[in-house]
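In the two complexes that follow, chain A is the common piece, with chain B as its partner first and chain C second.
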Partner chain A sequence: MTSAAGGPDPHAGFGIGALLGLVNGQQGSAARRRRAEGKPVVPRFAEAAREALADAGARHELAESAAAARERTAAAVSELPDWEALRAAGAAIRDRALLDLDVHLETFEQAVADAGGTVHWARDASAARRIVASLVRDAGDGEVAVADGPVLRETGLAGSLAARGLAVLDASGPEGRDRVRAARVAVTGADFLVADSGTVLLLEADGAARACLTLPETLVCVAGLDRVVPEWEDMEVLLQLLPRAGRGDRLSPQVSAWSGAVPGDGPGEVHVVLVDNGRARILADEVGREALRCIGCGACSAVCPVYERVGERPFDPRGTGRSGPIGAVWTPLARGVDRAPEASLPFASTLCGACADVCPVKIDIPGLLVHLRGEVVDARRHRPVPTPELAVMRGVAWTMADARRFETATGSGARWARLLSRGGRIRRLPGLLGRWTEARDLTAPPAEPFRAWWRRRAPSRRSTK
Partner chain B sequence: MRVALFVACVDDAMFPGTGRAVTSLLERLGHEVVFPADQTCCGQLHWTTGYRREAAGLARRFAGVFAGAGGTVVTPSASCAAAVRSSYRSIARAAGDPGLERAAAGLEVYELTEFLVDVLGVTDVGARFPHRVTYQPTCHAARALRVGDRPLRLLRAVKDLELVELPAGEECCGFGGAFAVKNADVSVAMVADKVRHVRDTGADVVCALDNACLAHIGGALSRLRAGVRTAHLAEILASTGDPS
Partner chain C sequence: MSGRDEVLAGVRGALGERRRADVAVPRGYLTRLTGPDAASRADVVALFTERVAALGVAVRHVGGDELATAVAAVLWGWEAKRIVVPADLPYGWLADLDGVRALADSTVLDVPALAAVDGVVTGCAAAVAQTGTVVLDGGRAQGRRALTLVPDRHLCVVHADQIVGSVPEAVRRLDPDVPQAWISGPPVATPGDGPPHGPRTLEMLVVED
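So, the complex of A and B:
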């Protein structure tokens, strides 16, 4: 319709006519080809969501558990009169930590070393898997106890250890508990890192990870490098926020904190693996870095009306374990928006704002989604042929840049629309807008738009300019 | 006082009754309404869909038109009021345009119920609307503007109106602008629940502060031939009898 440099075709202005040209099938041909060849396809949000919606039983369960979680959290939050102040403090603590992240991480590394432990740096998930596998091998024969957690899921650690032929024992499983005792090495996640003392904190509902922290000879903790805070006092606030927002608990049932290796008490060897895996990339995005405040409580998912209906999978196309509203922000920030699955995530929201209202560290998730939508659109502007959507949106903007153009387009749109309407209702629209009328009617536009009425009623009024 | 009316582009083209209602309501309360004829669109749709460059252009235009009109701006669209009041700052920053940020900060934009309750200090606007009505607190009204119970206070003062509470009202109806088309399946699943709640109230009219959300809810109600109609809250407040 138009070249990227040339501005839109004036005749393509606003209105139904321009939209008629849009076909519903914007699904990438690359994805179609892969599917035809029987190769695995990482789905876009809308495709995965459609599948999830078809499972009525799962939807019902999701709705019930989300409602229960919302109630628990609301109760836990409402009994704290200073909850809002606490949230503000939590946000400030996380921002302060992120502002000088490199400094705090160095302090942490030094403090861990002083306490007899070792810090390792993993650039991405595969580096994390390699480092952990080699640490586990160095620890000698026997089972490796693994207490599952978000970072372990993100990096695919448990599966990869098993794939490397190591005997993995699930420490959170019922029969895992007793056998942890005999394991020589344990791998756990970590929720927070305290820089000045080199302390690692782990919060959990049961005691699975706790057993891992005390019994085996070698302990490997894997943590996202975003989870550092400068000092102990910071934890006072975060330890109140996380359990209340997350599970509706007043306190985390189990909080374990340890620093380095103490001879004769617990593991003789302690390793902390700090995982980047896109976090540095998020930090480099001046707007997006707010996402790194996240303390992983899950409250945003519990209140999300989209999540409630489609569940985890559509939000987590690559199975990294990060889902819900924060996943829709984090994944495209960490991996970029060049590929279709990532690019679809920022649009997986009505921007209703429920998530931002409950987030204990006040992350403006809708704001970040809009920021990412801008990144997606900007990346597509460089294509030699504009997408149909870009052409339409430019056409609309051009039309709206002038009141007379707008009025003309309103008139022609209304004529088109009235052709399609029966009894004042439009029951079927062509093209992309057909998705609207699949389940919703559209009111036929009126014969007289507001501004025409205004002129007719007040021809002599002081100008309406 | 003198009020510059901003009628959202969607309302101008599709729901002119809302702008007419705001005009007659404010005039009935003794105020002068002007309609700056150069106004078009606040840029909200472009901004929330990722077209920040185009959104910045429309925002500059809006700020210019309404700075020129002077005084207080009132709009019946909660989402447009929220766009101007909170998104314009982000739009200006994304565009690296401090002038736009200043211009936006200089605008005094109210959503209709805020204007009535906070600025004019009225809740009884002399309306009569003999219907069973439920109110849908749309996301931008409830969470972006935080209009709270202002709409309810206004509705309670309407003569012969029976107000019934909408269960799970603050849950999004699933419209979400481009979301309604880009993720039509989820959008429809959400509006199906909303419509079920609306029908449970036994109301004959569901009202809100955003016609776009009402078009979505009303579109589903109409498809189901549910016998419930939608009305912008302004139309109820302007009513002095039985309009239909």
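So, the complex of A and C:
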């Protein structure tokens, strides 16, 4: 039982406090040490979530906007009689691209070159920043227009360009519309890369990217290398899945597609920077690679009961990754689970499965979360000092392996537990175990354990026969 | 090792030596519009009109011989004095203009010049009924991309035979080698952000042939 009904616990509701308690069990000492040394700390999910949960106003707003997003998406999806067939095709298209990713990337590179553009390759975010900064500096007069997008945030591009002394104009900002028109060079993200034609596609609402990829003389497009698809025909599926699952649009208000440089129409110089930044690492995980199917619609966040309460920050405290359920699998897959912030993410879920139901490319997010929980546990199994959770589990395993030990433990355990209980319930367990009861009560065990009762009762049963 | 070699080696290493066979894509989805929406050509055109209107676009049906008058009427409604048109716009579309100067696009028109006109008139490459979309690909009567991005008003002339039912039909008609703009209503500003890019007024004339 949770204490949700009557208790004052602000985290309760559907058991999110319990979730936080569990995630807390992953606490490492590194974060405490860094904090003591005054170094910036990336909080674990539970810490950031606690802050977010304390803001009731923000929580109401989130709940409202998530509900509105769910409604829009559901309407857009239910309108298509072949939605399930499209999802199946979308998943297969993405798998087909990923399972021969190197081949499709090279095909894409060749097609871009044939169309008069140049492809660059960035191993990580810092390589991407370096490449883009140098392209921007060569092409411009110190000003660059930026149409923000997920991969630009992931690589921290705008901030890095500004730090290198370039004037960065946010194309979606208050002055964006007029100033983009004067910019000589612009940077955009990309939603899809079509390998066989070298076409880049961008879907958006406000046209900021369309302006950036049309008006300046030089275009630098930064794309996650996972976003390649083999053929142009694949777009007939993805152009239906992404807008409907994303904003609930029949089609995004503005879709731009371009391939290389076209004389007299748009930038004369075009660059595509393909960013790895952990994607090859995800690809190497034969189970986890399914996450790379993601087309960035955000539908999983809109339906997630955890996201609805805590918002995006706890999933992505640095603001450089993915948020919501897909972020909870993508980030630990891309960065590994050695550190506490990443290791806490796979536990930030009730495994309710709503995300998998809505994912337009059928990513089994709950399955991947379970897979990653296993990795987290495995990674900690061989540490010299076991986690409290592991220590308890080992103790339980040892106790339960032997009938006499188990009976002794249940006998004395029941006595201790009854001492802790009030009115048949235990509201707080002592010590580290207390975290587990932060959001739930334990029923007090009966005075007599089952085994003792059975032994006492068994002879009388026999005698009645 | 160059960045390229490093990244590709990482991807190859991740995929390993033994790969799964090429994934077959189950293309069991609809590639044409079905049901009552697509019972006849007239139904597809009617659906396009309905969907475009739902996006906040003023749309009118006109006969081929009424087009010039209808174009002039829209421009009159805008109180336009100077417009820009693609150099290959059919001359007949502008035959009835009264007091409106139409500049044929050329390389001397830079972005400030395009921003100074009162609107633009173009055709399109295809239109999608199900989504209320027009697609421009730089083909006949469409011009370069900046033309339909910078001016604040856009009148798009759609011939009924250019309207297809669904997205797959449009994708299959289009050439991925040429730049495309798929426009589904005017651009929408994100709350809290600045003004959107692209014509805030979008009107359409559907020409029944």
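To be clear about the criterion, the second predicted complex is superposed on the first by the 381 of 465 C-alpha atoms of A that agree within 3 Å, B and C clash if a C-alpha of one lies under 4 Å from a C-alpha of the other, contacts with A are read in each partner's own complex, and residues count from 1 in each chain.
The rule is simple: a contact is a pair of C-beta atoms (placed from the backbone, for glycine too) under 8 Å apart; a residue touches a chain by one contact, two chains touch by 3 or more.
Note that the coordinates shown come from a computational prediction; the quantities given were computed from them, not determined experimentally.
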item: First (chain B), second (chain C), both or neither touched by A:318; value: neither
item: Chain B versus chain C as contact partner of A:353, first or second or both or neither; value: first
item: Partner chain in contact with A:60 - chain B first, chain C second, else both or neither; value: neither
item: Touching partner for A:274 - first (chain B), second (chain C), both, neither; value: second
item: Partner chain(s) touched by A:428 [first = chain B, second = chain C, both, neither]; value: neither
item: On chain A, positions contacted by chain B and by chain C; value: none
item: Parts of chain C lying in touch with chain A, wherever the complex brings them together; value: 2-4, 6-8, 10-15, 19-20, 22-31, 34-35, 51, 55, 107, 111-112, 115, 128, 130-133, 138, 144-146, 149-150, 167-168, 171-172, 176-190, 193-198
item: Chain B - residues contacting chain A, complex; value: 7, 9, 11-20, 23, 34-41, 43, 45-52, 54, 57-58, 61, 68, 87, 90, 94, 139, 143-144, 170-172, 174-192, 215-216, 218-220, 222-223
item: Touch list for chain A against partner chain C, complex; value: 81-82, 85-86, 88-89, 92-93, 95-96, 99-102, 105-106, 115, 120-123, 127, 131, 171-177, 180-182, 194, 196-197, 199, 205-208, 210-211, 214-215, 225, 232-237, 239-240, 249-259, 262, 264-266, 274, 276, 280-281, 283-284, 289
item: Chain B partner contacts - residues on chain A that touch it in the complex; value: 45-46, 49-50, 53, 305-306, 309-310, 346-354, 356-357, 367, 370-378, 390, 393-394, 396-397, 400-403, 406, 410, 413-414, 425, 427, 432-433, 435-443, 445-446, 448-451, 453-454, 461-465
